[in-house]
Amino acid sequence: MNELGFWERLGDWLTDSATWSGDGGLLQLTLDHIWVSVLATAVAVAIAAPPALWLAHRRRGRFAATALANIGRAVPSFGIIVIAAVVFIRAGGSARFWPLVIALVALAIPPIFTNAYTAVTEVDRATVEAALGMGHTEREVLRHVELPLATPLILEGVRLAFIQVIATATLGAVVSSGGGLGRPIVDGFATYRSGGDVKLVGGALMVALLTIVADRAFAGAERLFVPDGVRRLFPDVGEPLDVSTV
Amino acid sequence: MRSSIRLRRTVTAVAAIGLLAVSCSSDDTSDEPTSGESPEASETDGEVTPVDGPAITVGSFNFPESVILAEIYAQALEANGYTVERNLNLGARELIFPELENDGIDLLPEYVGSALGVGFGGAPTGDLDETLAALTAEFEAIGASLGAPAPGEDKNVFVVTQAFADDNGVADIADLAGVDEVRFAGPPECEGRETCLGGLQDVYGLSNLAFQSVQEASTRIADLENGNIDMTLLFSTQPVIAQKGFVALEDSLGMIPVENIVPVLSAEATEAYGADLIALLDSISASITTEALIDLNTRVEIDVEDPADVAAAFLAENA
Amino acid sequence: MSVLAQSTGTPFFRWDWVTSHTDDIWAATVEHLQLTGLAVGSGLVVAIGLAVVSRRWRPLYGPLTAASGLLYTIPSLAAFALLVPLFGFTRITATIALASYTLLILLRNTVAGLDAVPAEVREAAVGMGYTPVRQFFEVELPLALPVIVAGVRIATVTVVGLVTVTALIGMGGLGAFILNGIRRSIAFPTEIIVGTVASVLLAAILDLILLGVERSLTPWAARR
């Protein structure tokens, strides 16, 4: 049915301005995708970081931290997204935005919590005790000693969560008309033999590019956020993700 | 792996139906033990003589009605001694037709209009004979053959809520022209099709449609019910239309093609079994009415019964 | 009966559906296990190969981990999408995509495990006249095994969750329940929850089994 070869059609699709513009265009979809991912990650940080930092400071809840990490890895994000969508639908809402955000928040919490917790517990005990001995309050120690020293590892956790959220948000396109850059992929699967193959591959390339760019951009931002002195202690900051620590 | 389990379950289901021969409720059949029975059980009651020849692989699309229809044909063939394999719940037509062509699938319950329009890029109409003739020619070209069409059909319908129909005075697709904007959700493949979004725009000249691609039926229906969209595409045999009190819009311009059920046989199966098999399929198809389809769908979609069990019950009732 | 249930609305969870579909759930679990095994198994073979290469030519280690880190960041749905044009809607597509997620974890752990083999042990093997191949398989790999198995644990648990997504390319496993649950006219949460919970349980069981393997490979650590 299509005279042109696949690559030519892909090139045509990617260079067609209609592909990029408008409500369902790739630019809008990319912005939607970034917005839902940033929002979910930010909410997850707000929920997970404070208790993680405080518990780690008090050296409590180690079991909870490990359990959360394991559960977080084991829970299938696809299932969580579908369940969240169905709960919203049954309650009379739309599956398009909030269920996706909530599911993504739930998925982002474990890596953020665990990394923040581990980061604080790994701060040298002698440093903390020295600060306490100098008369600082618990709160001051957490804020001015432990937190700065833990920042690199905390941010690594946020980065890992952010990248996972961007990747997982694509699945939102299965349950609604949302899902950012998942849209061309899901639509492409459905119309695969009637020309949807270029949409499928084009969308996949876009979302792969987005995750890679987001990862590099976040790594760059980490370098800006982490004080010079602390950065020297953590030469790995901004390196490719170390998934095995999380 | 999966098909062998399905096969075992259906064999036992058929056996259970034969042995019980009771008009039992679904719960009774599903409680039947499905393991530990030997396959021979099905042969003790029917005295079926096995038919020699290659196994017939029955395929289906990935929506419940197609699976039920495939099960009905498959179990009828098994009851008559044919060797049957199942390859159900496959994707869209674009993926299945190549399989039909290279004998990966031997029997597929099809829909006259969609098979012609989507499968072969033809132009189905509202006329059954005309559409069927064109479709038969297309299938013969690849060596496949068709059974007689069933009286029942399952066509695309554009549905709105009763409230939307009342507020905007809409009963026919053409009436939509008077509405400011119609938020319309359909499956992804709707966008390019002349029997779907393309037809609404070209045949009815509607320029006020805001299309959203929503893949799964449950979310589209919920969106309609919850007021997130104004119109969606459903199938006329979906029990949810009556259940939710949706309004199926009339198609005064005859854009929506006829969609009677018709079984398609691969070249291999046609060659091996020919007229005998077709006669058997036709005897089954004759009892598949639109009402029967709605009933079958109700049992699977609303009552959450198994397609295989529902198919077995249907055959028992219509034997 | 059923009409009554219908008019009062479907309950969120129907236990009777679970009990009447135990053989379906079992079949899907087996399929899920197969897909997981294929992915982690092939990922492990490739990772060990890459580990050997990057130990021989050390400068390659950085680029190889960077590349596997890149694969790890690509969304599974996108990976399937990119592989379908090459391999179709098949297990090959599913296996390659899922195995690519395990590479980063498995490569790092394999290299770390091999690096931890003491130089004296290696020298002793050389002194005993072991060929390099025999030395690798009979000395280095067994000693690195506990660290590798620790990586296999993480990879397995991750892959079990990701296998659910293969339902979107017609594979299924337990993910088929999740997809079927919304594929009906009215969503059927029971099926979605069964798919999700069974996947979590499967991951937990495999995690425990592999933990047992890890412990049995390092009896000195357990006895502590």
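Here are some notes:
The letters A, B and C name the chains in turn, as written, and every chain counts its residues from 1.
Please note the rule applied: a residue touches a chain if its C-beta (ideal position, glycine included) is under 8 Å from a C-beta of that chain, and two chains touch if they have at least 3 such contacts.
Everything quoted here is computed from the prediction, not taken from an experiment.
Centroid distances from subunit B, each centroid being the mean of CA atoms, peak for A. Taking the mean of all protein Cα atoms as the centre, the chain whose own Cα mean lies nearest is C. Subunit B and subunit C have centres, each the mean of its CA atoms, that are 36 Å apart.
Centre-to-centre spacing of subunit A and subunit C amounts to 21 Å, using the average Cα coordinate of each chain. Rounded to whole angstrom units, the spacing between the C-alpha centres of subunit A and subunit B is 41. In subunit B, the residues that touch at least two other chains are 91, 95, 216, 218-219, 222. For subunit C, the set of residues touching two or more other chains reads 182, 187. Counting partners per residue, subunit A has 85-86, 89-90, 174-175, 186, 189, 192 as the residues that reach two or more other chains.
Across the complex, subunit C is touched by residues 1-2, 5, 9, 25-27, 30-31, 34-35, 62-64, 89-91, 95, 216-219, 221-222, 234, 238-240, 243, 297, 300-304, 306 of subunit B.
Within the complex, the subunit A residues that touch subunit B are 1, 24, 85-86, 89-90, 92-96, 173-177, 183, 186-187, 189-196. Against subunit B, the residues of subunit C that register as touching in their complex are 1-2, 5-6, 10, 14, 16-17, 20-21, 23-24, 27-28, 30-31, 34, 89, 170, 172, 182-188, 190. Across the complex, subunit B meets subunit A through its residues 91-92, 94-95, 118, 121, 185, 187-189, 191-192, 212-216, 218-219, 222-223, 226, 228. In the complex of the two chains, the subunit A residues touching subunit C come out as 6, 70-71, 73-80, 82-83, 85-87, 89-90, 163, 166-168, 170-171, 174-175, 182, 185-186, 188-189, 192, 197, 200-201, 203-205, 207-208, 211-212, 215, 240-244.
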